[in-house]
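I am attaching a structure below and will ask some questions about it afterwards.
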Amino acid sequence: MNPPPLLNQPLSGNAMPRFGGVATMMRLPTATTATMAAGLDAAFVGVPLDIGTSHRPGTRFGPRAIRAESALIRPYNLATGAAPFDALQVADLGDVPINTYSLEKSVEIISGFYRDLLAQPGRSGRLVRPLTLGGDHTIALPILRAMAEHHGPVALIHVDAHADVNEDMFGERIAHGTPFRRAVEEGLLRSDKVWQIGLRGSGYAADDFDWPRRQGFTLVPAHEVWWTSLAPLMAQIRQAIGPETPCYLSFDIDGIDPAYAGGTGTPEIGGLTVPQALEIIRGCRGLNLVGGDLVEVSPPYDPTGNTALLGANLLYEMLCVLPGVPLR
Amino acid sequence: MNPPPLLNQPLSGNAMPRFGGVATMMRLPTATTATMAAGLDAAFVGVPLDIGTSHRPGTRFGPRAIRAESALIRPYNLATGAAPFDALQVADLGDVPINTYSLEKSVEIISGFYRDLLAQPGRSGRLVRPLTLGGDHTIALPILRAMAEHHGPVALIHVDAHADVNEDMFGERIAHGTPFRRAVEEGLLRSDKVWQIGLRGSGYAADDFDWPRRQGFTLVPAHEVWWTSLAPLMAQIRQAIGPETPCYLSFDIDGIDPAYAGGTGTPEIGGLTVPQALEIIRGCRGLNLVGGDLVEVSPPYDPTGNTALLGANLLYEMLCVLPGVPLR
Amino acid sequence: MNPPPLLNQPLSGNAMPRFGGVATMMRLPTATTATMAAGLDAAFVGVPLDIGTSHRPGTRFGPRAIRAESALIRPYNLATGAAPFDALQVADLGDVPINTYSLEKSVEIISGFYRDLLAQPGRSGRLVRPLTLGGDHTIALPILRAMAEHHGPVALIHVDAHADVNEDMFGERIAHGTPFRRAVEEGLLRSDKVWQIGLRGSGYAADDFDWPRRQGFTLVPAHEVWWTSLAPLMAQIRQAIGPETPCYLSFDIDGIDPAYAGGTGTPEIGGLTVPQALEIIRGCRGLNLVGGDLVEVSPPYDPTGNTALLGANLLYEMLCVLPGVPLR
Amino acid sequence: MNPPPLLNQPLSGNAMPRFGGVATMMRLPTATTATMAAGLDAAFVGVPLDIGTSHRPGTRFGPRAIRAESALIRPYNLATGAAPFDALQVADLGDVPINTYSLEKSVEIISGFYRDLLAQPGRSGRLVRPLTLGGDHTIALPILRAMAEHHGPVALIHVDAHADVNEDMFGERIAHGTPFRRAVEEGLLRSDKVWQIGLRGSGYAADDFDWPRRQGFTLVPAHEVWWTSLAPLMAQIRQAIGPETPCYLSFDIDGIDPAYAGGTGTPEIGGLTVPQALEIIRGCRGLNLVGGDLVEVSPPYDPTGNTALLGANLLYEMLCVLPGVPLR
Amino acid sequence: MNPPPLLNQPLSGNAMPRFGGVATMMRLPTATTATMAAGLDAAFVGVPLDIGTSHRPGTRFGPRAIRAESALIRPYNLATGAAPFDALQVADLGDVPINTYSLEKSVEIISGFYRDLLAQPGRSGRLVRPLTLGGDHTIALPILRAMAEHHGPVALIHVDAHADVNEDMFGERIAHGTPFRRAVEEGLLRSDKVWQIGLRGSGYAADDFDWPRRQGFTLVPAHEVWWTSLAPLMAQIRQAIGPETPCYLSFDIDGIDPAYAGGTGTPEIGGLTVPQALEIIRGCRGLNLVGGDLVEVSPPYDPTGNTALLGANLLYEMLCVLPGVPLR
Amino acid sequence: MNPPPLLNQPLSGNAMPRFGGVATMMRLPTATTATMAAGLDAAFVGVPLDIGTSHRPGTRFGPRAIRAESALIRPYNLATGAAPFDALQVADLGDVPINTYSLEKSVEIISGFYRDLLAQPGRSGRLVRPLTLGGDHTIALPILRAMAEHHGPVALIHVDAHADVNEDMFGERIAHGTPFRRAVEEGLLRSDKVWQIGLRGSGYAADDFDWPRRQGFTLVPAHEVWWTSLAPLMAQIRQAIGPETPCYLSFDIDGIDPAYAGGTGTPEIGGLTVPQALEIIRGCRGLNLVGGDLVEVSPPYDPTGNTALLGANLLYEMLCVLPGVPLR
């Protein structure tokens, strides 16, 4: 079975060695402005921001590293049978030109970029589904703002070591530890349809977890799912959200244990395994996933590139569960 | 709930960014001699020794790296609810000034330091509970000598890839592979209350494991607990030791698999997972833990700092299970 | 129990520190040509080839790094009781002098080397059992050619993320992704007695897995054995192959998850754990293992040396399950 | 000759091994607020800022790394005979608590810290001379603001690959490429007494160099001094500035060639050598140096720590040329 | 002064942060086949080959790393005043799709690519001048073959630690140590107009240097120019070659000392300095440079990226001395 | 000209790729005890000691790394014409089995090893000339003890950042900062024929340099020879020592600037260049060099291996200036 001739295909390893060529996401054709999203089903977008981070920097190089490592990924998903490029038109839209000297202005630039992107007519009139290469987790807020403008409040599956619901950090309301508090306050989320998976570590008080619970979020601390398949949890989540509700997947790579994903800024021990991570994403098949992000890959702390490779694969797995992807 | 006003608190990330400031353990106030332990409940102490190691050196930089990475840890334990700084007076006592040219003299210096430390009147008249940042495992011997002087022979929970009960190494009786043989010979341990968890690898003969069994130790080789929660084991251990017996926890980071803890000097494949490690330490709650150590972090083999971060977290978890720590 | 006096023994850590001395495999005596294999039961051989790789290079330094890290391994297997040097004569035969400018010629040189090696009278008249330090996976083909010449078609246990059964790569029929397709075509394998364990990742089509199934191979994708002990699988395999059939074990380190084995050229997420890897190899005890290889360790991507250490240990575990190895 | 008994001395390597102890600058006593500067002649201050950088981040860890590597430095300067601790009271004042989410607020916090610091009565009534561990070069602006408040406009010796006189960067007027433009505009500098040494690289137009020349700056591009001792240049500078004029030394480590100082964010090839750097600083003896900084050390790009070590030594050399330092 | 509106310009750091966006050479527009060279004055081309190397591999990632680091370079050369983008039409043509399993076929593919490239009508009817991002030095042969086809035999300035004139390597006539022997044999060079600069190290016999001298080459061993500006040498070379003779510049980064360029495969101590390297390239202004290459950057041995940055800058400096580049 | 048939030759890169084979020094035949020195002219010996170091450890891996990197060196010295293997019988004698737990015992073992080595009848009845791969500088003392026993007090050329003449370190008289003080006290040196070249850095007092001067040593601080060829100095030294006096060359790699030799334990800025280092060693031709060492290469701080490569080359250069080496 061959894909329709007009769909973009990843450049094959038989046409150019995988280490060769300018590095785009999955070796797809690239474009560099949001307005080039017209006609797409899904788009990879980079957001090279790291000034929202509280500890180790470096996620500004996340999109570049994820693109470079994505060169290893071929089009067909051997485990699930998904063949995204058989049916979806996908491109790499390059990076959002953030202002690296101002978090506030960067947040505006990002929401503007996604607003423009979603304003384009996607393929067959559907909204484009953006999959974002972070960047630190601050970027989830402006993306959710644009999402909610077009989709209304969204359900959220949030994988992370941290709840990211701080009232503020060093007095600032915008930072990589606050996006989901702001999102609740701004009405961007359907709080009864929010799951936070992989939480752990230390905090200032129990309220770090109590506040989201009070909003209606379901919390799944990492230590409660050690030794456990997450497939049953995902079945519950699918049932609770349903196939129509617009749903966003925000995946902080530090949700996964540092053994697998050491190249990140605020690692926490005792995290999820990669099989659990794959169960989460693969368990999203059947949801109306309107977008997703993979954030907090920090290349300066990833000497082998393997954390970026993991990030690239998780983004590919997100693509594989978008609505309309056939199985072969 | 706020801690009593006179207790030391880790410097908050809202007062100084986590990457800023002189790096002390958990950003606590520091002091630099054993005699400053007066009035404390617990004390972090560094022992920057690596001349007892048989292979890769570098643990001399262990305390410095553990302190640096500990900056990420906040005061409240989200998984267990422990709030150690609500009730305990804790400080970082700096490093023991070992003699890096003489293992023998260093061992004397270390036991002297801990002897002095335990001779101070701790808070409310109780002995200070030292938590040690190693350093190679040689240091367990002089620490146990001081411990036994003040507490009598102690029960021991020993996590390690290696039994460290060699008769000698290259003809030497003091080295990082011999401390627990010496401890038995010197009567520092209650040998019927000793557990060695995580053992594995290769040796010269079965006697590597037979000798400790003959002393009454309980051995838990790693491959016997693959795939298994260690919570039940810890319940047995707690019952066997009881809540009064002075108990020491000696944790060699190489007990954990190199996937999680690659920055160490004599790594062995097939080790414990971090969830198992956390179960061990958290399972010590209820014991009369009189001290503990985390040894064998070797920063030159830890390019991301993540092994040191793991070590810092394990020391924090030890603090969280000391007698008197409340849960919130 | 002491080994017979004429058997080679690894240089003891009490005779020379483990970091000292010229690095041979397990600190065994070395020889540098295949014709020196006479009188041996088993031989370690390096094949420093990496020009067959499709992505990251570096396996040319694999043998050197594996030898260096093997210095940590002592003769007796504490988990299984195996004492290979009590009964087997083993040496390090050095490296095959491949031609690094020509894959085609290198393949000829390698098969010639193994042909010569197997032509030597081994100890007690039995064929020498070579254990190979790779090198990229291309080398399995010339080794299997030599094996089949002397043993006839062999059973195969193949651990890998990739099936390595491509028809060709960039139009070439010899590369690290094709050896087992060629081996089937050339009649080197008993295809009904082939297991491929750990497969995963992405491909061009389902045929990547279908072709081997059509040959009679049994495929064990990684995601089907997450959370699972592989001991039962190995029991099945032992029964299916039987104790007499010549069996070869080809172990690509990328079969194991990058968390444990990040120093490799084409890592794939979601792989086997090291306990599973050990179960596979230890589960080969009882088979007529006529040789084995450990391939795809790439030192430039292994900053701690821990992937090479894992490779060294897996080769040691292979030695421990060769026919004739006693348990103590 | 011994120093007066009340002067702080670096902790000796004979009292604590150099790798031991909590890492302060040159192992000096530490204090953590600007108000503790009272009674000092000179103070080391860290400014862990990196959000002003245009390319690679990481200078937020500069102060920590410089402190750690400074442990190697002993009190007496063997090349020049300077013995700073014989006559000056020096301490490490810790880090300025910058707001890592806002460049604008950080600049305010920094100038406030230095303003407070200079408002303290220094030893013998003289103003404290701060030596700053950066941090990116943005920090020079707020430091110069505080300097000019207390000293009036200052002469400036500025070592750098870049002139740092951009009108703006990405539309922002405050960033690591603009401090000296702002300083001129705000009247903080005596523009006829400004030298910029080591300039090179690429730019948008010749104006990058023409603007400073129009202000009266003297520019010394790196390529004009290849192969050349800078001692004669420094003699000219000393004569031009004179011994009374308050003079500030701002040293960007990227003024030096990446061969010596690779751990920085915007390296430029063809730079100064370390002997030239030492000639510049040693050539400041005789000037009224009222402060200095060493900026742009980025530890994530400094795997050996040697760039931080260079930075630590250059700060020590600055201390050695402060007014009042005796020669032995 | 603004460039003509139709000329490609590097993406400004004020339009996209330097760490953002898909990494092309100097952030220029990219195209991916040789036939897209039409209308260009100069073209950057990557050749990701490393199978011709005799020791450390990794140059296959050279083009990708050079592109990534080139993001720091702005359009105007501050030292020389060159403004290449004011007058030349330049693009990044992507990589030559070499066959990584066959050196022989790769050499054919490369010469075919350059033959096609030179067959395109360049801007104003002149031949395009390719500047190549290597790759190992083997690639110079196929490039010179295409060059000679279009230009006839060329003069050559060859910077390198090694003469690369071996008769063969391991019996092979094509490898990274033989290209200039082959080029002489095939009549691709004007041997009386060949300079080899930076030679040093060890060899099998004096003939390593005698053979090129017998061909008429001028050899400049590194140790003969220690401590020396190369500007006078370049004046001699310019005079000897003259302004019309087609001249090719082949620059092996290992000509430069490993202190500056450690990320390479066969480093030799005692090499050229970067100022000397810049003098060589800048000294080519006035020659009819018809192409150039920068080879042997090996990213796995370049942990900071600084060798790739050096390579990027040297390629930029080559661009700056092409005929027709104005000075501002 | 071919060497006599019985002389050992480095394994050619045409017989085995340079990255292949068990790594011995320069790929020479190896032997593992001092008594195998019989019949040799010169011998490479490793001393894997690092417990004498005051700061960063790791030199225990120095011999292994130097051997690995020495694979790049070919037999003939292109710069000087020296062809050592044409006339000298040379082998790699492996490592001295030091006791890594006791500095004192190690010193005894080392002097015993060299005493035995020199007691062997060398080739043609001359004493073997050992060239040592360190190891930290402590090892110079036991080597000099053995040297003086056989040769009487020796002249000394000592290249180093540090004079290594401390009275003691942390109260110990044997450590890497004391060997030459002990050597003077024990009468091992002809103090009027001692040169210390490259000295610099910081100390406790001027006496660090005054003491050696009082013994008659000639000191050449690094900053006095910046910008200068050392050929004239070496001419003076040759004249002062004369061609008969037994002379020892002790070369601490930290004598060279960290830009070239960053992989060492106590780096000091502002050091010698590699051309100067080569001038020193090449300037020893004509002296009666009875042995030499290259110490303080620390592989954990040498991520590229380039410092070890430099060390290997300097040892090769020492071999090239031994008496009896012909020029071709």
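Just so it is clear, A, B, C, D, E and F label the chains in written order, and each chain counts residues from 1 on its own.
Basically, a residue touches a chain if its C-beta (ideal position, glycine included) is under 8 Å from a C-beta of that chain, and two chains touch if they have at least 3 such contacts.
This one's a predicted model, so the numbers in the text were calculated from it and none came from an experiment.
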item: Copies chain B and chain C touch via same or different residues, half shared test; value: different
item: Copy-to-copy rotation for chain D and chain E - C-alpha atoms, rounded to a multiple of 5°; value: 120
item: Reference interface B-F: repeating pair among D-E, E-F or C-E with over half of contacts shared; value: C-E
item: Farthest chain (mean CA position) relative to chain A; value: F
item: Separation of mean Cα positions, chain E and chain A [Å, integer]; value: 40
item: For chain B paired with chain E, centre-to-centre distance based on mean C-alpha positions, whole Å; value: 56
item: For chain D, residues that touch 2 or more chains besides their own; value: 17, 19, 54, 56, 60-61, 100, 169-171, 257, 259, 301, 303
item: Touch-based graph of the chains, sorted into line, ring, star, complete or other; value: other
item: All pairs of touching chains, each written as two labels joined by a dash; value: A-B, A-C, A-D, A-E, B-C, B-D, B-F, C-E, C-F, D-E, D-F, E-F
item: Chain C residues touching chain F - in the complex, by the definition given at the top; value: 15-17, 19-24, 30, 32, 46, 48, 60-61, 63-64, 67-68, 92, 94-98, 100, 303
item: Chain F-touching residues of chain E, taken from the complex the two chains share; value: 54-56, 169-171, 199-206, 208-209, 221, 223, 226-227, 257-259, 262-263, 266-270, 301-303
item: In the complex with chain D, residue positions of chain A that touch it; value: 50-54, 56-58, 60-61, 99-103, 169-172, 174-175, 300-301
item: Touch list for chain F against partner chain E, complex; value: 12-14, 17-19, 71-79, 81, 227, 229, 257, 259-260, 274-275, 278, 303-306, 309-310, 313-314, 316, 328
